[in-house]
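Going by the order they are written in, the chains are A, B and C; count residues from 1 in each one.
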Amino acid sequence: MPQLSPEDLFRNGIRVDGRRWNELRPIRMEVGVLDKADGSAYVEHGKNKILVAVYGPREAHPKHIALPDRATIKCRYHMAPFSVEERKSPAPSRREIEISKVIREALEPAILSEYYPRTSIDIFIEVLQSDGGSRCAGINGASLALADAGIPMRDLVAACAVGKIAGHLALDLSDVEDKLGEADMPVAYMPTYNSVTLLQMDGVFTHDEFAAGLELAVENCKKIYQMQKEALRRQYLEIGSEGIEANR
Amino acid sequence: MVARREIVTPGDLLAEGDLRPGDNVLREGDRIYALRVGLVDLDGNRVSVVPLKGCYFPKPGDLVIGRIVEAGLTGWEVDILAPYPALLPMSETYAKGHASKTDLSAIFSTGDLVMAKVMAFDRTRDPLLTAKGPGLGKVFGNRVVRISPMKIPRLIGRKGSMITMLKRETGCRITVGQNGVILVSGSDERAERVVVEAIYKIEREAHTQGLTDEIKEMLRKELGR
Amino acid sequence: MIAMSATPQIPPISQIEGKTIIDLIASGKRLDGRGLLDHRGFDIKAGIIEKANGSAHVSLGKTKVLVGVKVEIGEPFSDVPDQGVLTVNAELVPMAYPLFEPGPPDENSIELARVVDRGIRESKMVDLKKLCIIPNEKVFVVFVDIYVLDHDGNLIDASAAAAAAALLSARINKFEVKDGEVSLLPETMPLPISNIPVTMTFAKIGGPIVLDPSLEEEQVMSSRLTVTIDKEGRLCALQKGGMGYMTVEDVKECVRLAMEKAPRIRGLILEAVGYGKD
């Protein structure tokens, strides 16, 4: 792997992987991939490979974390030891602990947890291969897995990141672009509410760069949202009236 | 207004204006949104979503098949495959005597299956069951099948059409719990197996048209009747 | 629960108290009489812990945070052999709040440390290249330890201000290198500082946005947004927290307000460490 310099990230309007500044990496989404989980999804986002499982609502364990008027949401973002270039220890790192928290806080606003008091809804995000933007891909997969489990949600949550490489605003940074770039800003968004549920940024942005970046992120979250809807619908090919009449 | 029978996902706008919110939808102002993945249903002016997947959420009056987890002080803890453990008090069975003086595990022991009715359930306490009533109490069967509780109505069918057809075509005894647990007993192992396959097929294709006829065809072919 | 993040327990605030705060804010007022976009009193004292290389105590309203900076000589990271090392850690000391428990850092103290770290690192507040002693072998390692002593809300802003003041007022020994050997001299010098990040946290309570939430306000807020601005007026860190959501307009408004108000807070920090007004 030749050593790249920051300028290499963006030459003549083309990035290292051939994309332009405002292109998403290829995304593939599949719902209902695990047998035992109540809901599950598999997301490939560029070279990221993320598997998400949802269990719940189920009895809260340990009992003391149960809340009297709503479900407790538990979330674990974890990277497999083989997911990155240099083997990562299986023990949770400070980064994984922070990401688990911000992902939980990105999904909480979407879940109608009041429907299931004193229970627990558990979200497991396993990063099987990581290449930048894994927390966003994790959120996209978690929304799918939660919907797949039949958990009531006011909206799906779609996420993507915007950054700055070689002085240029760029969409959806890969790992090498994040490491050599000047800024990275992941955003999670609920389109029905035009609202942000996750927003982080590290690096340096001028006020204008931030404003343009936020707009670019929101626009692409909406694209990812459509992909999520498609993936959920794709599971069910035909629709029949018998299915509805029988419920009366 | 979204078309009837269209598959919707959380956050989909279903209707604006005069329609009333039914099940699995959320009203924001004068707009109604879907909360779950499912099929849109319109009943009069009430718009609902019929979910395709979900856990069993107990309702008073439901008939459920549960597994005895353990005998406690006044009754048994029962696993009814809900997010909450259920309680069957001894006073809600036909057993005589006082709970404190009785060996509860002699009546129902861990692992037994019981058919019970949900007597009470609200947000502040776990479901309370009763085993007093026709057909309630310990149940037996050769095969235990678990499917999504959302598909039970389809398994039963309009006015019981599907379940009656299954029983008639196979000669098996089939006991259905609202919580997705089904017991099957037949005179031969082959008939039982075919019933189990049919139940899974119904679960997979619950949302399709012409399913009852398709299942009847399959049963006739498999059992050569 | 170190392995999974879980919805926190319900804060011990009554319905009546919560409603009072929300209604007041809806009418443009706050419990302590502040305006929606006013800070509580910011009191910064530097140089309190003589045994540390740098230190600062910040009172933000009733919140109290103490930051100590210790500088040691150590090895650089292999991927940046010519740079010093900076590491930020935070402890939510059990005495600070009845619900803080002793033990390893939980997700809240980890998030606090990482957000403060981001502001310092991305603004390049400490010029790590100037902390190199012998490339590949010896560099200065700067430990920033945040000690939260009393929790009355907005630990992030108090901690970030204390960290900035501690770093600005820290002194390290001058050194000389002879034949590959490092010797520390008795004279001291400040850390190589090239920027001063300022962190401002906003909370969304009902519709309106308030600045510098108190503990009770944090207990009823739907979400918060922390914005870090450097001395050039650029954004160097953002962190949304809380279980609610903010509209895109709310986010833009918070960033705009942070840019407007950061210089004043920077002035308070500089004043506390004895710099003239630059």
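Criterion: a residue touches a chain if its C-beta (ideal position, glycine included) is under 8 Å from a C-beta of that chain, and two chains touch if they have at least 3 such contacts.
Note that this is a predicted model, so its numbers are computed, not measured.
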{"item": "Joint neighbours of subunit B and subunit A, given as chain labels", "value": "none"}
{"item": "Chain separated most widely from subunit B, comparing mean CA positions", "value": "C"}
{"item": "Innermost chain, where centres are averages of C-alpha coordinates", "value": "A"}
{"item": "CA centroid of subunit A to CA centroid of subunit B, Å", "value": "33"}
{"item": "Whole-Å separation of chain centres (CA-atom averages), subunit A against subunit C", "value": "27"}
{"item": "Gap in Å, rounded to a whole number, between the CA centres of subunit C and subunit B", "value": "53"}
{"item": "Multi-chain contact residues (two or more partners), subunit B", "value": "none"}
{"item": "Two or more partner chains touched - positions in subunit C", "value": "none"}
{"item": "Touching two or more other chains - residues of subunit A", "value": "68, 190"}
{"item": "Residues of subunit A that touch subunit C when the two form their complex", "value": "65, 67-68, 70-76, 92, 94-95, 97-98, 100-105, 108-109, 113, 122, 185, 190, 193-207, 210-211, 214, 218"}
{"item": "Subunit B residues within the subunit A interface of the complex", "value": "4-7, 9-13, 24, 26, 33, 35-37, 39, 41, 43, 50-55, 57, 83-85, 123-124, 150, 153-154, 156-158, 162, 206-212"}
{"item": "Subunit A residues within the subunit B interface of the complex", "value": "38-39, 56-59, 68-69, 110, 112, 116-119, 147-156, 190-192, 228-229, 232-233, 236, 238-248"}
{"item": "Residues on subunit C engaged by subunit A in the complex (per definition of touch)", "value": "1-7, 9-10, 105, 107-108, 110-111, 113-114, 118, 121-123, 222-223, 225, 230, 233-248, 250-252, 255-256, 259"}
